[in-house]
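Have a look at this one before I ask anything.
Letters A, B, C and D mark the chains in the order given here, with residues in each chain numbered from 1 onward.
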């Protein structure tokens, strides 16, 4: 499918891709360092979704750039006139925290407190510790899309035409609540919603094929009334950015948008790829070094 | 000193519905949701007057709770509604994570709590929701006693910031509280002052306690009857003040003995002031089909049961 | 689709249809009398599913005919070497109770205790009062298919080749747990399971279209991996019986079978048809008389 | 009189896993299910040895509970497994209707209960499951204290007919009960006899209570320590016998104060024998990320906290 893009913008776009890739490399460094720092957490899904979150927060989403105390972004819970993002698969909090910090919501130094006592960076994202950028707790799977739909409905009631994004896991699709939400959004024409599934084919006990065959998620979401599109390689920044633009473009037409995003669990760190093994374990010192050697430090480590 | 006047009978859920009607007219931020039980929840007028502020979720309570949480983010005050069983046990984890732990301003409003839903039987007669909601951090738990109080509580909750669980019932029961009351969350209401026993009652049991009080008065027993409409935060000051005077307690609730108001009171007393206590509550069993009156009698939730437990607890005073 | 049926069997089959219709008429009488007797309960769905339950219990299902105390069928909870039926939409208990009594599990006189205090015939079916024929409680929607799958798995473990049937409502399909069960059964090749959806297009707050569009349940179940078939008119006994036979015939091939059964809520009583109004209310004396006038008494009222 | 011997450290969930291994070899009716957490539940050996008796449900806990109920119909004894949060609050209504009310012989076996799951934080740290399961009629609720007891409880449950909830944990903790014990459901185990205070503890808190007992002994306080491994049915006879002797109580649990063991004991005492009681429990708050030790200290669940509450309650004896 050919998309018409004016020449100047195209140049600009390609430059941005390089910049975004640099940010993603740094975010990946943050992720492996964070999970190593507390010897727990979930690197696999985090690495796989890095390109998406960077693409969202550094290019696709409109976010207020108003600064507050300490020069950090001033965060408004209600997000009026901003695009909103919800992380339903809360276990991939490392990528979320790194992107929020790198985007300017709080000091990157705070990433070192991840999963430690008295931290705002809880094992799973929460509003309870008032970390800027988080709008709901997640971790117990299957709940985020419902919350995102509620936020999207509120935008409509408020006459606010910005979008709501939500990311879910593919294993997470096994939760019944997802299908309650999936049926609600088309019925109520929630067309300011873009949902993304991290189609990495892995979950804790093995591949999704083995554990609980998700079969054709495209056919399922179509049957439930969604407009479904794909990102063939969710670890290619250019494809991610194009995919997000397309999703935005086809939104607003009475249907919610579902992006099936193919990724590789552990993307960016060779030995973390290719299986479910790195879903939820931390690298040791040696493994950390091996991982960092593959990830250029582009913005300075925290 | 009698502080109540019986007027007529009405269901507490209509108090909720009429409270919602008023909120629909006065508070543009109030929205409501329902999981295929609109008629039972009495929100028809709110919906008719504010169709854009109502969301039908179909039979999908988990999603309803999540959507309610999301609506708060845009500044709304959602009242998700269903039967008490489907708004508590069915969705505990959703309430816990997306509402209570996330501190979302959601007012869960549930009808048909307890045995008095009657003929539908045990699958619908939740008697454990107070235990669940009371053990959940950050949750306000309210179980009003009549139509007027339910209406007032519904309205008061819109101005209270934070998650809440409002529990009410199906059958028509006496109205006896002030139609113009201001509902104070967390502040127990003394129905009758007395000196011989403290009867703490919640929900439909408050009227039974009043009836019991009259029977007891004939026997020369001066009962203090206090309406604990807010189970959490519990008005421990009022409870302790009363028990320090009367030296014994009967707790009354349309709920399991395990985990409910009785246990909340027992906890308070065990840590602060020891006094014998008897429970008027369901004794660790499921309910069944029957009329509300039959069930209240069979499961020991009647005025007579309260009288019996009162005599027993007074005899236990040392 | 032409099905080859030997002539003699066909005669026999047609005779049986008439007999089954007579039973159904009596069951419908029982239903309206039961809900009238306690002034509560759910006649609409009960009447719509009468033909199915009669077809199942009086023809399709193999049930042990061993008799026990009082000449009633002796009920074994484990149902070894029997076909099993589960009612997930428990609110249509009247049809279930009537069919169980008429089939011989207990005295039809007991139908008069429906929904009354101290009865075994609770508002929603339960094992708690030990009513013969009931294997699990239902009433809270969405749970029955999971239980049926468990029972079907147990049959496989036991080397028992009989079938498991489960009936659900169409509104009930909105519950997320249904889709958890829907994904499990094909993954685990539960092919001794026949699920039926009472596609009456109605639920409590209105038509399913309005309340929460179920859209194309056929496409949904196909996407989830089921073999889907239809009964075009679930209130035509011959179609019901043929449909059940077909379901049985195509079972055992690695896939669970879903029957989408079109019915009319309130079928058999003209003024109860055509809307959701009679989902859950009882007729008054006059309405009862009008209903009974349309339903021949074939086996004697209880 | 010391009735325990410390041997080594092991996680209670491994006690469950090893109990399952044994059941796999001895009881052909035992089956297990898991919702994508096999590694955490330690059932790998059972599954390897009996692949046809294991059902992977994927991340779908509600369906898992229903399937477990169904499996009992064909005569099996299913142990559905997951984390405690997802095996209680996530599926309360499914357990209630399809298992407890239906009286199905299902043994819900859940790991990672309480704060000690550590770094995952509050969304996973269920501290309300005892309240929920204790308020549910027809449910047996067991929270063993170490590896040996968990293994014994796992095995004992297969011979017990009826629904049960078995709760255990993630971290490696001391083993101090008899490796050859026979687990008696509903029968409290007296760890140490004493006369000055009754310390009733469950789960991981039993070891903390033992530690506290040693500190107290140095202060000349003779504590009776009783392990309430079965929260329901509660061994009220043992509780009352102990309190009649010691005249004061400390209850210890890795759970909310609201609705848990403490409230169960308070209920028993309020109705039978009055004595001051103090709670060592989480005080109506969510948990957070941290190491198990840090969290137990921060939320007041340590031996030190037990000592403090013991001194307080003894001072309250009249």
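In this text, a contact is a pair of C-beta atoms (placed from the backbone, for glycine too) under 8 Å apart; a residue touches a chain by one contact, two chains touch by 3 or more.
Computed from a prediction, not measured in an experiment: that's the story for all the values here.
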Which of C-D and B-C has more C-beta pairs touching across its chains: C-D
Greatest separation from subunit D - chain, by CA centre: C
Length of the line joining the C-alpha centres of subunit B and subunit D, rounded to whole Å: 30
Between subunit C and subunit D, centroid-to-centroid distance (C-alpha), Å: 41
Chain centre separation (subunit A, subunit C; CA means) in Å: 45
Where subunit B and subunit C are represented by their mean Cα positions, the distance between them in whole Å: 37
Subunit C: positions in contact with at least two other chains: 126, 128, 137-140, 142, 174-177, 180, 183-184, 187, 212
Residues of subunit D touching at least two other chains: 57-58, 60, 62-63, 85-86, 90, 93, 96-97, 101, 122-123, 286
Pairwise touch network: line, ring, star, complete, or other: complete
Touching residues (chain side subunit A, partner subunit C) in the complex: 174-180, 183-184, 186-187, 212-216, 219-220, 222-225
Residue ranges of subunit A in contact with subunit D within the complex: 38, 40-41, 90, 115-119, 121-124, 126, 128-129, 137-142, 171-172, 174-176, 203-205, 211-212
Residue ranges of subunit B touching subunit D (in the complex, touch as defined): 85-86, 88-90, 92-93, 96-97, 101, 122-123, 127-128, 131-132, 134-138, 232, 249, 256-260, 262-264, 266-267, 269-271, 274-279, 284-286
Residues on subunit B engaged by subunit A in the complex (per definition of touch): 31, 52-53, 55, 57-58, 60, 62-76, 78, 93-94, 96-98, 101-104
Footprint of subunit D on subunit C - complex, ascending: 77-80, 84, 126-128, 135-140, 142-155, 157-158, 160, 176-177, 180-181, 183-184, 187-188
